[in-house]
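Note that the chains are named A, B, C and D in the order they appear, and that numbering of residues resets to 1 at the start of each chain.
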Amino acid sequence: MSAQTNSQASIQTSDKPLGREQLAELVARDIAPGSFVNLGIGQPTLVSNYLKPEQNITLHTENGMLGMGPEAEGDDIDGDLINAGKIPVTELPGASYFHHADSFAIMRGGHLDICVLGAFQVSATGDLANWHTGAPDAIPAVGGAMDLATGAKDVFVMMTLLTRDGASKIVEACTYPLTGVGCVTRVYTDKAVFLTGPDGVTVRETFGCTFEELQELVPVPLKAAAAVVG
Amino acid sequence: MSAQTNSQASIQTSDKPLGREQLAELVARDIAPGSFVNLGIGQPTLVSNYLKPEQNITLHTENGMLGMGPEAEGDDIDGDLINAGKIPVTELPGASYFHHADSFAIMRGGHLDICVLGAFQVSATGDLANWHTGAPDAIPAVGGAMDLATGAKDVFVMMTLLTRDGASKIVEACTYPLTGVGCVTRVYTDKAVFLTGPDGVTVRETFGCTFEELQELVPVPLKAAAAVVG
Amino acid sequence: MLTFVDSVNEAVSGIKDGSTVMIGGFGNAGQPFELIDALMACGAKDLTVVNNNAGQGDQGLALLIKEGRVKKMICSFPRQSDSWHFDAKFHAGEIELELVPQGNLAERIRAAGAGIGGFFTPTGYGTMLAEGKETRIIDGRGQVFEMPIHADVALIKALKADGVGNLVYRKTARNFGPIMAAAAKHTVVQVSEIVPTGGLDPENIVTPGIYVNSIVKVA
Amino acid sequence: MLTFVDSVNEAVSGIKDGSTVMIGGFGNAGQPFELIDALMACGAKDLTVVNNNAGQGDQGLALLIKEGRVKKMICSFPRQSDSWHFDAKFHAGEIELELVPQGNLAERIRAAGAGIGGFFTPTGYGTMLAEGKETRIIDGRGQVFEMPIHADVALIKALKADGVGNLVYRKTARNFGPIMAAAAKHTVVQVSEIVPTGGLDPENIVTPGIYVNSIVKVA
């Protein structure tokens, strides 16, 4: 019991919850050197600001490019060079262009090391819901979300842990329509980093709360990361 | 009956059976201007010698090229530029190269107007047997034959009508292993040109024999081409 | 048979009421704006349109939808901040939507061009977009059966064409062009430049001329 | 992870007994002769080899077969005038043959790289090569179900690589290279030239570096 208490204490790595930028910086730091990565639209795009040149990360955009550079500004803006969010971007040395089927073959064939996505909900077994609120009058739009969720070797989710109403977005089973089944491997939130998989949810670290406080917020049983326990 | 006799007489367009070169010339003449064509290994390759520049025919080779030119000679021989028969060829202006899946997509997707193939047998309904003798000790080798037979809009066969033993290669049902089912649309032989399809076998023209003499040789009911009857 | 035509109106003249029309482009990149305008002008209706989106703002595909000329959209991302014409038609029940994950859209278009009768993919398995579709477990993964998407006509944009219809594209404007060109019975291409045959390197052709039927140069 | 290695022997060191190895090339064009020689030298046995043919003459793949290192061949055209080593092993019942129509071979390799679980194709329907396989009628055509072909290692030849592993090929030597690179867990490429990153036009890359693991320059 005291060992567990120790473990719970030791995984709190920050006194405060992380902000969006801090979270992006953390995700960037966790991406292994040499990885091929797709950053989803919205919050995941922030990660690119914190990737270091020595990490040698190659960014993929599903509209047909590897080796995507930063957002284009001023004279560099070229209407033929955009990312999946339709924002003008730049091309890095070593870039390549390909058509949509070849681009999605990269995703679907399991060649991307990591994709980073936003989410409405993630289940205890890694199911992802991030494309559709399920509201009867909502016009559904899926884009490449299901291909990324299903195809990448690792699917990282970035989100706040709680909804505006204070409900946990990590849930026993998703109530929103699914994007993919059992696909999420890691969840980065303002309050903790979770590892998800067939064995359930493991907490790697917490921010501004203890393991026990976190467990109070999340309606699925949590484990503390074994590596940190020792 | 006399109308039929007339028709039978009128479709004899040559006093003698055609030789291999004459047959190749006839096939070449029958290919519509602007067509995309794949010529199989062996006798069909001869057709390329009789294509006229004004026909504007584009040749495809399944190992990854459109716009193939004549066989290469002397200094033009380049080990990286070969046809499906592994013979050095040349490149014409407007040529393009692509990988094997893209090349077979051209064939399998129905984009070739015509392929010309050799055959062991063709059935009354256009089944093709041209890849395997079926002998128990034979090592089977199929290459692209099934893809061509199944994919091209029109499949022309070039062969002698009779085997060395005098048996018709146009048969009620193939006894050799099939390459494709109901795929052959036209058969060019030394003794006649046949149109094949779901409605049976129609004789377009005969060489060195009458319709009746031809029917004696071929064990399936023949019709004379309606267009020639008039 | 390849023809070079003088006007976009002539280029789209083969599009009839009830045609299935693929339209290239992702965002504005690769969108054949002038051909879409010509499609608007030609009057064809009851169209099934295949595009990644369902029109934006008050132009192009959005206008075609507004005017009630599109019976059905096959797309992956119809909802955008300025997709008000589609939104209105959809809520009024006046347009049919087949929503397809973007990778399935691309692969189904590719399958049509490559003569594939259908394929299994993990994308969409276990989601509402697989409802009513055949599924099976292959190598331990749930997979969904998807069918090819064929079209009567494709309208696409390329950078250059040569005299035999070989095409090259520019940057991410390539997107759906090459696969739509192969999937349609009749492919219409607007290009910025026409070069003599032999003017494009055979190693760098992205769409071979066999897939191209009509080319029009747009200034 | 991409590495540039100094020798072909080092390049093939990941090949183990029982590996499935794809070997590029059609005829001599695109054949990675030096990598095949290194595979011969490394001693790995019980191999499954995927190649269009089954070796010719007394070199390369033919030697590997002669030495009994190949348990199974997956190919479209094993019988050639000089395929005597394969012929002998086959007649002695010492090698297994999976004969695949060439287009199915290419499409199955492509499917592996693209994450397709299987597909239906008209090629082979009604023939002995469809015996025992699932079939169905789609749009009035008989079709056969074919599964992807994955590999542990691909050995291919390209013309040039840049510093991030992007590849370009030369003429019909391109053939199986791009699809095998995508279908294997580990892709080894022999190239004639290595150019600095940025030295290949992004529009003209045929195999993006994401598919490449080891590059060796062969004089």
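The rule is simple: a residue touches a chain if its C-beta (ideal position, glycine included) is under 8 Å from a C-beta of that chain, and two chains touch if they have at least 3 such contacts.
Just so we're clear, the structure is a prediction, and the values are computed from it rather than from any experiment.
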item: Joint neighbours of chain D and chain B, given as chain labels; value: C
item: Higher-contact pair (C-beta pairs counted), A-C versus A-D; value: A-C
item: Inter-centroid spacing, chain B versus chain A (mean Cα positions, whole Å); value: 57
item: Distance from the mean Cα position of chain D to that of chain C, given in whole angstrom; value: 33
item: Distance between the centres, which are taken as Cα means, of chain D and chain A, whole angstrom; value: 35
item: Numbers and ranges of chain B residues touching at least 2 other chains; value: 91, 97-98, 101, 104-105, 107-108, 151
item: Interface hub residues of chain D, defined as touching at least two other chains; value: 107, 114-116, 121-122, 169-171, 202-203
item: Arrangement of touching chains [line / ring / star / complete / other]; value: other
item: Chain-to-chain touches, reported pairwise for every pair that qualifies; value: A-C, A-D, B-C, B-D, C-D
item: Chain D to chain A touching residues, read off their complex; value: 1-2, 112-116, 162-164, 166, 182, 197-198, 202-203, 205, 208-211
item: Contact footprint of chain C on chain B as seen in their complex; value: 34, 36, 58, 60, 66-67, 91, 93-98, 101, 104-112, 151
item: Contact set on chain C toward chain D in their complex; value: 107, 111, 114-122, 136, 138-139, 141, 143, 147, 168-171, 201-204
item: Of chain A, residues touching chain C in the complex; value: 61-65, 78-82, 86, 91, 97-101, 103-105, 107-108, 127, 132, 137-147, 150-151, 177-181
item: Residues of chain C defined as touching chain A within the complex; value: 26-30, 76-80, 83, 86-87, 90-91, 97, 99-107, 109-110, 121-129, 142, 169-179, 206
